[in-house]
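Below you'll find a set of structures to go through.
You will see two complexes here that share chain A, one where it goes with chain B and one where it goes with chain C.
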Partner chain A sequence: MAASIIWYLREFFRPGWLKKFLFAKTAPLTTPPYFRDFPEPTGKPCQHALFCMMVCPAPGAIDVVMEEDGWRPRIHKGHCIRCGLCVEACPNGVLRSGRILETRKAEGTAFIVTFRISIDPDLCTGCGNCATSCPVNKQLDPQIGAGGHSSNDEVIMRVLDGDVHVLHEEKCTGCKTCEVSCPTRAIQIARILEGTQQPQKGGGQ
Partner chain B sequence: MSILQTIKDKVRSRSIHVSYVDLGSCNGCDIEVLACLAPRYDIEQYGIYVHNNPREADVLIVIGAYTPGWQEKLTPLWEKIPDPKAAIAVGNCPISGCCFNRRGAYIDPPVSKHIPVAAEVPGCPPRPTEILAAILSVRDAVFANWEGRQR
Partner chain C sequence: MIIKDVVCPFCGCLCDDLDVEVEGQKVIKVQNGCALAEAKFTGSGRLPAPIRRTPTGWDDVSYDDAIRETAEILVAADRPLLYGWSSTHGDAQSMGVHIAELIGGVIDNTSTVCHGPSILAIQEVGHPGCTLGQVKNRADVIVYWGCNPTEAHPRHMSRYTTFATGFFVPEAQKDRTVIVVDTRRTESAEIADEFIRIERGGDYEVLSALRAIVRGKGNVVPKMVAGVSREQLFRVAEICKKAKFGAIFFGLGLTMSAGKYKNVRNAIELTDELNRHTKFTISPLRGHGNVYGSNEVFTWITGYPYAVDFSRGIAFYNPGETTAVDILRRGECDAALIVASDPGAHFPHAAAAHLAKIPTVLIDPHMTATTPLCRIQIPCTIAGIDAEGTAYRMDGVPIRYRKVITSSYPDDADILKKIHDRIREVQGS
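Right after this comes the complex of A and B.
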């Protein structure tokens, strides 16, 4: 009888068992390395492409600011929802988070930005301000002057017969200088961001 | 610190009672708080108990972006909690309003405008481990030697 009581007491008051019972047992307070946490800088220089700000779905989560040693994206905790889109969209690999960069490389995913120029013919007066102010136009045809006339058909847009014609939409860099310089706000630049994926080498599925 | 205080601290650090309140959110953070209770994270092994009764709570977990319905309710609820107490804002919503914070929206974040918030856990939603770590750090910061600091 006494032996059996002692046996039970020894069984229940095993130090290891007591420790397990009284103190925290699992250690879940670690974050696995593949967790998609708040984006962090990789150290590569930011080229100020602003794709991150374009793609970010959360209000006020990311901005790109000038610091002593160049541009730098800043993530605001409390606003960022850790979707990781900025990491994926950045063409220069400035940010990292979880396995996104590795996945992007392995699966050939990317975001590309295109720009669409739309001109409202009712508002456009054919003044040519847009064609004159466009920095890409200026590079392609240094002769382009006030009025936006150009004999060069490589330019993005030019004025012909009192109307502005868009020739090479694909050369637009989205700077929106034309939008600002248009006196009647007839010209609008739309940014179109779209996800792409290269087909896998070796067939894939 | 007296021996009594040491014992009190010891006991209190293993007995944190949590009440949570959702001020209008997408429910994502509520699910993460719920996940804390599940065996994977098992919040009770740290001596943290979720009761949802402010009168026996030590920690108030605030979720959500503060909709107008809470205007007359949150402060009385906070006052019902006996001292020592601490509020933890969980998720982006009580910090910034997250995706609900549009121009002209009815919400009124941050919640720290309305009640004193001791800790903020950003994320949409935050991991259960982050919520747990916040409660544990508040426990150490707010409840340790509370009577001693009152004098």
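Right after this comes the complex of A and C.
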């Protein structure tokens, strides 16, 4: 027993080993440029496009809040998995992390978003609140804001046959004013996010 | 064929911006109208011809026979009741009053189970109201008290209040504050900025507390008033006082709950108090398309808006005594003519049961819940669809109904004129 303790002490307190352990000369630790840390603000103003929230795969990791100087994305570190998708999706370059922005520029990748408007005809009362309050509708047809009567078919939606009908889904900007104006929750806006890549110069994809 | 700027005859909003597509004698599409308008214009189930009850079922009868029999029933009655009138136009309503005068009957309209208490309150303290155009262009605070416009007047918010762009409220809902007061969280409450949930029957107390706060006597208000916290009452009173122009709309939650016309009186007096600080108006949300018109027509002919009794040879008005439900409930009515309304669906059971006991004649385009109670039903045109005429919007603005299709049915005013003439023949006058 005693022999074995001595053997261990000799083994672990060898001068050479102790010297290496205490006076090791290794290269200092540096963060490599490709390291993706938690997203940080770049200083560019947030336009409240909410692409970050749409693309984020981690529940509760990011939200966009109104602060004194405007909208601002807020990262919740306990939830964020540092995937960097929010950085890549933001059309206004509000966030940065690692080399994501540079890579995105070099490779010409982007996320595009479209909006799908779904209406539940069983819940819709045809009140026209959504069509009247929609800011895009108001631009396309000044009459619709003044009482829900649309004079043209260029608007995103209008009331036909007692229910609201979508005519031009592609014009929707996803502001969701219609959703909050609907008393019966009959209208819902779904955001559809799609990754794209611009053709490279020289014909390559 | 598309007919533009058609007036919807369903509710008191009388939206006059519908585009109706007609094919032959049928409405096939309704644009800009709500679900209620669409159902009104494209609905089916019209009675094809007059019917008379037999011991085992119904027989078809001719219009002439039905009219003759109706006149005989009315002439033979000691205490006839002429009820309804709110879904037809002014000409038919006017003819109804003349028949009532001729037979010494009681004529009442649907206000009696609706905004009758509002009229009593207005007769006591006046009506600080305005047109819906003023509300749309000026109001930055909208209060819906005891009403649910989402279900009963679906386009009220998009045409006249919350979501409509007004001259002085260009940003519509962003410039307006919407307050909903109700005993339950209705759909309208979902889009309100402030929802006040009160206990059932607590309207009078809450209105009194708000009056006290607006008057500067808020120290007398207890911590809770009919389920509403003192803090919320102060907050709401402040919103109202700071408004540039406020508009209160109220419904049957106020007129038909405990307190009835006293609730409405209190609400009008709250409006009065608020006018010491800013501009505030109050208006009832009227239900039937032309219920306001029936009040107007009755008033300009008899001097009274509803519940008019001609049994003394002169117009006599005493709601509670000469109102349709009370006459039926007491069992004193011995014949009834129902026009353009559905008491079978709306009256208390005792009143509806009495209608089934006495000879009741119904003039209505559709088979309704009143059909099983009546002895004769005479189908007619629908005012605003296959008949034109004048109606009054909920704010008292007269609007001309348009005729969008031609049908083989006679106008109810013509049927009533024939009944009137036949009564005169029978009476020998």
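Side notes on the structure shown:
In this text, the second predicted complex is superposed on the first by the 149 of 205 C-alpha atoms of A that agree within 3 Å, B and C clash if a C-alpha of one lies under 4 Å from a C-alpha of the other, contacts with A are read in each partner's own complex, and residues count from 1 in each chain.
Here is the rule we use: contacts are C-beta pairs under 8 Å (C-beta built on N, C-alpha and C of every residue); 3 or more make two chains touch, one makes a residue touch a chain.
Computed from a predicted model, the values in this text were never measured in an experiment.
Looking at the shared chain after the overlay, A:Pro45 reaches neither chain B nor chain C. Looking at the shared chain after the overlay, A:Gly195 reaches neither chain B nor chain C.
By the document's definition of touching, of the two partners only chain B reaches A:Ala58; chain C does not.
In the superposed model, A:Arg82 lies in contact with chain B only, and not with chain C.
Residue contacts after overlaying the shared chain place A:Gly70 against neither chain B nor chain C. When the shared chain is aligned, no partner comes close enough to touch A:Gly108: not chain B, not chain C.
In the superposed model, more residues of chain A are touched by C than by the other of chain B and chain C.
When the two structures are aligned on the shared chain, A:Leu29 is found in touch with chain B, with no touch to chain C. Within chain A, not a single residue is touched by chain B in the first complex and by chain C in the second.
Only residues 17, 29-39, 136, 150-151, 154-155, 157-160, 162-165, 172-173, 187-188, 190-191 of chain C touch chain A when the two sit together in their complex. Those residues of chain B that touch chain A in the complex are listed here as 40-42, 45-46, 92, 95-99, 101-102, 120, 122-124, 127-129, 132-133. Per the touch definition, chain A reaches chain B in the complex via residues 24-26, 28-31, 35, 38, 57-60, 76-82. Partner chain C is touched in their complex by these residues of chain A: 124-129, 131-133, 138, 145-150, 158-163, 180-185.
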